[in-house]
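See structure below.
Order of writing sets the labels: A, B, C, D, E and F. Residues in every chain begin at 1.
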Amino acid sequence: MQIKPASECHWDLISLGEVMLRFDPGDKRIATARSFEVYEGGGEYNVARGLKRCFGMRTAIVTAITDNPIGCLLEDLISQGGVDQSLIQWVEFDGVGRSARNGLNFTERGFGVRPAVGCYDRGHTAVSQLKPGDVDWDEIFGKRGARWFHTGGIFCGLSASTPEVALEAMKAAKRSGSVVSYDLNYRDSLWRSAGGKKRAEEVNRRLAPFVDVIFGDFSALGFEMPDQARALEESIGAMVSQFRFKVVATTLRKAKTATRQDCGAICYSEGKFHQAPQRTDLEVFDCVGAGDAFASGLIYGYLSGRDPQSSVELGAADCAITDE
Amino acid sequence: MQIKPASECHWDLISLGEVMLRFDPGDKRIATARSFEVYEGGGEYNVARGLKRCFGMRTAIVTAITDNPIGCLLEDLISQGGVDQSLIQWVEFDGVGRSARNGLNFTERGFGVRPAVGCYDRGHTAVSQLKPGDVDWDEIFGKRGARWFHTGGIFCGLSASTPEVALEAMKAAKRSGSVVSYDLNYRDSLWRSAGGKKRAEEVNRRLAPFVDVIFGDFSALGFEMPDQARALEESIGAMVSQFRFKVVATTLRKAKTATRQDCGAICYSEGKFHQAPQRTDLEVFDCVGAGDAFASGLIYGYLSGRDPQSSVELGAADCAITDE
Amino acid sequence: MQIKPASECHWDLISLGEVMLRFDPGDKRIATARSFEVYEGGGEYNVARGLKRCFGMRTAIVTAITDNPIGCLLEDLISQGGVDQSLIQWVEFDGVGRSARNGLNFTERGFGVRPAVGCYDRGHTAVSQLKPGDVDWDEIFGKRGARWFHTGGIFCGLSASTPEVALEAMKAAKRSGSVVSYDLNYRDSLWRSAGGKKRAEEVNRRLAPFVDVIFGDFSALGFEMPDQARALEESIGAMVSQFRFKVVATTLRKAKTATRQDCGAICYSEGKFHQAPQRTDLEVFDCVGAGDAFASGLIYGYLSGRDPQSSVELGAADCAITDE
Amino acid sequence: MQIKPASECHWDLISLGEVMLRFDPGDKRIATARSFEVYEGGGEYNVARGLKRCFGMRTAIVTAITDNPIGCLLEDLISQGGVDQSLIQWVEFDGVGRSARNGLNFTERGFGVRPAVGCYDRGHTAVSQLKPGDVDWDEIFGKRGARWFHTGGIFCGLSASTPEVALEAMKAAKRSGSVVSYDLNYRDSLWRSAGGKKRAEEVNRRLAPFVDVIFGDFSALGFEMPDQARALEESIGAMVSQFRFKVVATTLRKAKTATRQDCGAICYSEGKFHQAPQRTDLEVFDCVGAGDAFASGLIYGYLSGRDPQSSVELGAADCAITDE
Amino acid sequence: MQIKPASECHWDLISLGEVMLRFDPGDKRIATARSFEVYEGGGEYNVARGLKRCFGMRTAIVTAITDNPIGCLLEDLISQGGVDQSLIQWVEFDGVGRSARNGLNFTERGFGVRPAVGCYDRGHTAVSQLKPGDVDWDEIFGKRGARWFHTGGIFCGLSASTPEVALEAMKAAKRSGSVVSYDLNYRDSLWRSAGGKKRAEEVNRRLAPFVDVIFGDFSALGFEMPDQARALEESIGAMVSQFRFKVVATTLRKAKTATRQDCGAICYSEGKFHQAPQRTDLEVFDCVGAGDAFASGLIYGYLSGRDPQSSVELGAADCAITDE
Amino acid sequence: MQIKPASECHWDLISLGEVMLRFDPGDKRIATARSFEVYEGGGEYNVARGLKRCFGMRTAIVTAITDNPIGCLLEDLISQGGVDQSLIQWVEFDGVGRSARNGLNFTERGFGVRPAVGCYDRGHTAVSQLKPGDVDWDEIFGKRGARWFHTGGIFCGLSASTPEVALEAMKAAKRSGSVVSYDLNYRDSLWRSAGGKKRAEEVNRRLAPFVDVIFGDFSALGFEMPDQARALEESIGAMVSQFRFKVVATTLRKAKTATRQDCGAICYSEGKFHQAPQRTDLEVFDCVGAGDAFASGLIYGYLSGRDPQSSVELGAADCAITDE
């Protein structure tokens, strides 16, 4: 897989996706909490943030934020995260949040037999209203340059127009020689009232031909996601033969309880399979974003010139640590 | 003004309005905070809560809440507030917040020359989608009985249908002999994209004929709101002659800084004016809800059989303490 | 076991017991803490609260609270818990706490090999001074109606008069056709200076003939509490033959460390034994109230018309989650 | 006034009084708080602590503490305060708090027009059960030596036996040549059910002949406490002629609001009056213990050989700063 | 005063100075606190941060940071502040802090009559070891370009070599046509063991000829700093005639108490004096950095093409709000 | 081993070492934290504190503290810890921390596969500048008396002069008949730029002849530290034959993850080996100071007249609980 040299590009990676405020009640439960800590997060954004914070890569986020104090808090958090914000589209606030708002995500951690719980509040966001033509992709990929472009199934589930934006971006990225990666992340809540998994699959299949590196939940592309390595390799083989992916990678996680998990990873690359060592009985503090950490570690492997085996190991380690 | 005896009514007061989560960054500013305390609040609701918590009245809230963990947190907070929740309409959650969500309100306190700042996130809420016919007002006022009904200009600014709901409720309340009060609270952010103050005025004027006790910002009804007592009395006279209000009451607050205010109140009742003692240089910890506290204290005065002078003094004292 | 239909009763369950403020130093230890979070709790109350919060049942607490700011905090916490407070007896405060006070409970969680530690401060409480005649049980059970009455060995250990109150309540409950349950909870600290376990056993045996459903530590009734299922069934058999209990239920918990436990449960009902699946190596965040959660889940099973097997499983699951 | 040299005494000052846990809800109110910070405090103890922390004096507290985790927390807090604990009597805990407990004090700060609120929970404490003979005063004052002994009207209001303990201590102190001071602090809550102010006055008058330095609220000794300096001096004159006090000192505080106060002080010494400069419009963060700080500063003045004018100024400054 | 256009420069402003961790005990005092909030701060840095956060300017900080977790926390905080970190020099950590460490600053706020207290822990820092030649100033000012260069008396008090670094930078800045500003900030603690105010004055006088815009405490340059406007203007006149400053600006603040201040400002520019409106009785939350905020506002005035009167008003307003 | 009776000594144990502020970001990581809790700590000090807090021994610390608010916070924390501070040397502060400062230690806990991280900031501390002659050891050991003297390899790694101070103290202790113990604690960070482990070994070997009881990492004395009991006993045998130690004791800990450890201990005494029971899979909250707790427990065993087997078990239990 050909990756453009760092010296020719302004950015190492561009991510396209939503950045939400994450409200975390700590040890408490959402419904009885009286205070929340607040972070920023979002599947595609987390990859850009991880590459910057853990690995020092130059990353930027393409998204839209409604211009109010909540948006300014997002800006403050992204600043702390170190991700370049110059490509963010700021959308006028109507004073109430009818025309455009910012996405929120309330999550609690779970403990032992009690599972983690999340509650999205991300309808009518500015980013869900992005449409083709809003972003000057040729300026980004053609003129300034980026070595890698990443987006995924969460962004594409935000509305009917977001897959069109992703498609437009992928085409521009490919034209410029950037690697394109896509995380198949499927969120039932996003698609429930918009065609369900069937529709998600259609959207993903329409984008897949433009993807070099694919992550995640293969079932969202209409393939099996079996537990056993053998069958998994077959499934990946089928995907590759149909879509010509250069790299296919996924974690193999099994949550025994909310606080104890097994974690491994597999990566297909140019006809070969590579596996990260399986970690068992990992003590888990907070499992949110572990899949994004995996993508972030693996992409860094490739961006830094490592081979596929090293890259998948880096991804799996990053996933286990769920570092910053 | 005739008030039904407590023994004939299941509730002392019914409020109609939105209950939002209020996110409070404490000493910090919204845009740089990392944690928020959370309360419940809402102009009309605050009156019901104050009557329950400070004065032990039996109050209920009519509103709609989207059924997700955020809604459950609202339920938990309202439980703590002691307001009867049996009339709340629970609306199905779509997993994202596109069809219906719960209102949020980010507020910071201000200090000295820095004013308090608020940021609504209350578009597309369940309560804004309430429409005539959703609530069985005759069951509430006719069968079970309430001595007083309260709503206001914030609820009526939520959408095009909410004034219709208010109208329907007022008519049922009057039919049953309940006192009807209305707080003219004008929020520019709510009306900015919906016809502005002119439209608010039209809505308020359409409801005014059904109102017995009117609170607040007379300009939202198309009357002057002068600083001087003399001129204010004239303005009230004009209102009364046009709309036949039995009671007209408003606070006279002047914020010297975010932390120092003067606070007084005036109450017109059956041809006479009553003034609460003017308090100067009040140290202010948090001015949110002071107007609602005034309404709450004054209504309690009437519900407990006090005369207008005592009632306006009670309201003004409650406003100064901003209890709870 | 016959349970009155919900439509004929104002409440699903009435609990009789103390509600204490629980002071929790979080990760810290009591003796070196500088701040405490505060909750409300109490063995019998927890059952009423769990039935309301987890299962939506209409429950009330019968207790006495001293009328001071600490009592008002209890009221605020019980409001949040959703349990009906209209039957609470408010006792005048003397300004110091000589004549009557409110119970406090300082608890720390333990971690690993360090056990949880508790420190009661519940002498001279208002509730410990309750005596026969203070509560109008016929109004509660006879006129308004309750499907179930619950109390237990903690309430009966508060003073010499509390077992008399429990007896009076049980008799009224049975007269009205309510199910009567009793949790044998034995607290050495309560009985140490009041006759010890021998006296607790006498008290429990005096009440047992009025009990339909008995929970807990059989040794407090003078029976064996063996580890093995076989022997346990024999012990239960002996209890049933002596006291004619309709249901006998207990958890089988084994704390390997403060943070790791095994948890199962057994329920005898009409001649048959039912076991909940044994959960091993549960990660424990806070074990306080797990037994109460079991009672709460099992009672809900019966109140909602489930069979004994489902009910004990519900109880055991609730115990494992220790919800809220 | 003769003061023994430091080199001849093991301690500079011995205080006799209760040490309570103070629970502080911060910006919140007691009745709606969910967490409390905890400090130690008590009128007589505060003087010993202030002398140690602000002025480096060697001070000890004579009190009784019930031996449970709450008592250990008191010990930890007193350790931090630096006051010698070797004279504390540890009383056995019965597991519940029926026979002896530790005193608690819930206080909220007040703000602006809302006054500070306190709620004692100090009935049945170990210290209230101290009786003559429990403490070996001759060992303390006769053998080891202390330059100054301090107690006051709060300790003497705890029970019928505490004034007897104070008397016994004062006599031993005087025998050894120690200066004896007494703060007339009158707490209505302590005396309400024990004879009221009239009884407090009797108790204070019985102790007064053994007092060298008297602080505080003269009305608790049956004298006027007028606002004007002239009349105040007359009142002091009457006190001195009756009781032969060597020093009479009191603050002149006027709380305009909970957050704004005026603060001055007057000190009579050997026929002359000394006044500290009047401070107006002091911003007040927390007024608890300001009177104790005054006593502490003034006593330090005398212990360090300063003249009465310097001493009262030191006391007034300490009161204004309410250090630590 | 000539300012280069934004389009010709990579940065609007470069600041040279130390960035410390600021440890803040909140409402508590340093000596008895058990937790601290942490911010970043530093006189020269604050100007760059304010210009970025309040006014959106592109600013960078030139400093040195020791490469350990404390340094990484500084990096995280500066990221949040939005100031460009690409010019920071990272210095190797020896594991202990003997050869180089990072500066810390413990500060408490003061309240009413209690003054704010600070405690530096900034000896042996990496930045104090900066020396001429360490920074490539020609690359910064000559090649990439900056419209404005700012440093001050705190940086120049760090060691014997830092004034040399400032001089080197000023010369490069002037060569490139950048405006040079200098804040005379005098910190007694920095100079106490290094020649005192006399030495500070010598250092400042040596740098003054290269300064266009001078802020602050004129006494650190050997001139009078009188209270009265008239005399102040004379003093400024003397400074200008000696050093040819283009702009001389200073705040006129008077702290009545730690929580109440008067605040005004004066600005000399090209032969004329401009005064900001005097604000009296400002309620002060935290006065740290108010002088830096003034510089930041005034510089923004000039950078955005405003006239001197607008610029000084902007500075004074920024100072009053002490934003962020 | 002969230990002086308690009645002949003013102290049970004197420790010589540094006391640092420990900054703890709780659940967070240092580099992204915004607040820190603060404790006091230090290898040698922890032993004195543990003996006081867990076992009631009279202990004192010999150290030096720079006299500024940070030092006062240390004083406040040590007061809370109960360790006698009368032997602390207070060193003048220069206002900046160039000549002398106080040591800081930033630590984060680790979780699961993420290891605990620490960052020292302890260069140029007052205590590292202690030199022979600064402390009057004959006054301490000869006149007032101490039963036990403890120091260790951390103190001796602070500078070139600290081993000389330790030597001076050990000699005085031995002259007076005190037991001397030494913990071989090796910190790479301290020695990295001062001769490394080789130099540490030389220092330790020079002190070893004066040591009665040796703890810790034998490799810092040039001996093997094998995993297996058999080989370990041989290594201890070699140490004893060379240095004539009376007691050699060490924990045998193995961290499986940051949150799960095995923990055992071995103690050689007068020709015999004693082992504490091996605890496996201990859940670990915070492993800092576990070795010091071991020393503290074992020393208490000897001071209270227990035999070696009981003493090593006490040490191991204390280590497992890591109490206070």
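Operating definition for what follows: a residue touches a chain if its C-beta (ideal position, glycine included) is under 8 Å from a C-beta of that chain, and two chains touch if they have at least 3 such contacts.
Computed from a predicted model, the values in this text were never measured in an experiment.
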{"item": "Given chain D and chain E, the chains that contact each of them", "value": "B, F"}
{"item": "B-C against A-F, pair bridged by the larger set of C-beta contacts", "value": "A-F"}
{"item": "Self-contact between copies chain D and chain F, residue sets same or different by half", "value": "same"}
{"item": "Whole-Å separation of chain centres (CA-atom averages), chain A against chain E", "value": "41"}
{"item": "Separation of chain C from chain F, taking each centre as the mean of its C-alpha atoms, in whole Å", "value": "48"}
{"item": "Centroid distance [mean C-alpha coordinates] between chain D and chain A, Å", "value": "64"}
{"item": "Chain A residues counted as touching two or more neighbouring chains", "value": "32, 34, 76, 80"}
{"item": "Arrangement of touching chains [line / ring / star / complete / other]", "value": "other"}
{"item": "Interchain contacts, given as pairs of chains that touch", "value": "A-B, A-C, A-E, A-F, B-C, B-D, B-E, C-D, C-F, D-E, D-F, E-F"}
{"item": "Chain F residues within the chain E interface of the complex", "value": "23, 30-38, 68-70, 72-73, 75-76, 94-99, 101-102, 104, 106, 108, 117, 119-124, 188-190, 192-193"}
{"item": "Partner chain F, residues of chain D touching it in the complex", "value": "76-77, 79-82"}
{"item": "List of chain F residues in touch with chain A within their complex", "value": "27, 29, 31-32, 111-114, 257, 259-260"}
{"item": "Of all residues in chain D, those that touch chain E in their complex", "value": "80, 279, 282-285, 320-321, 323-324"}
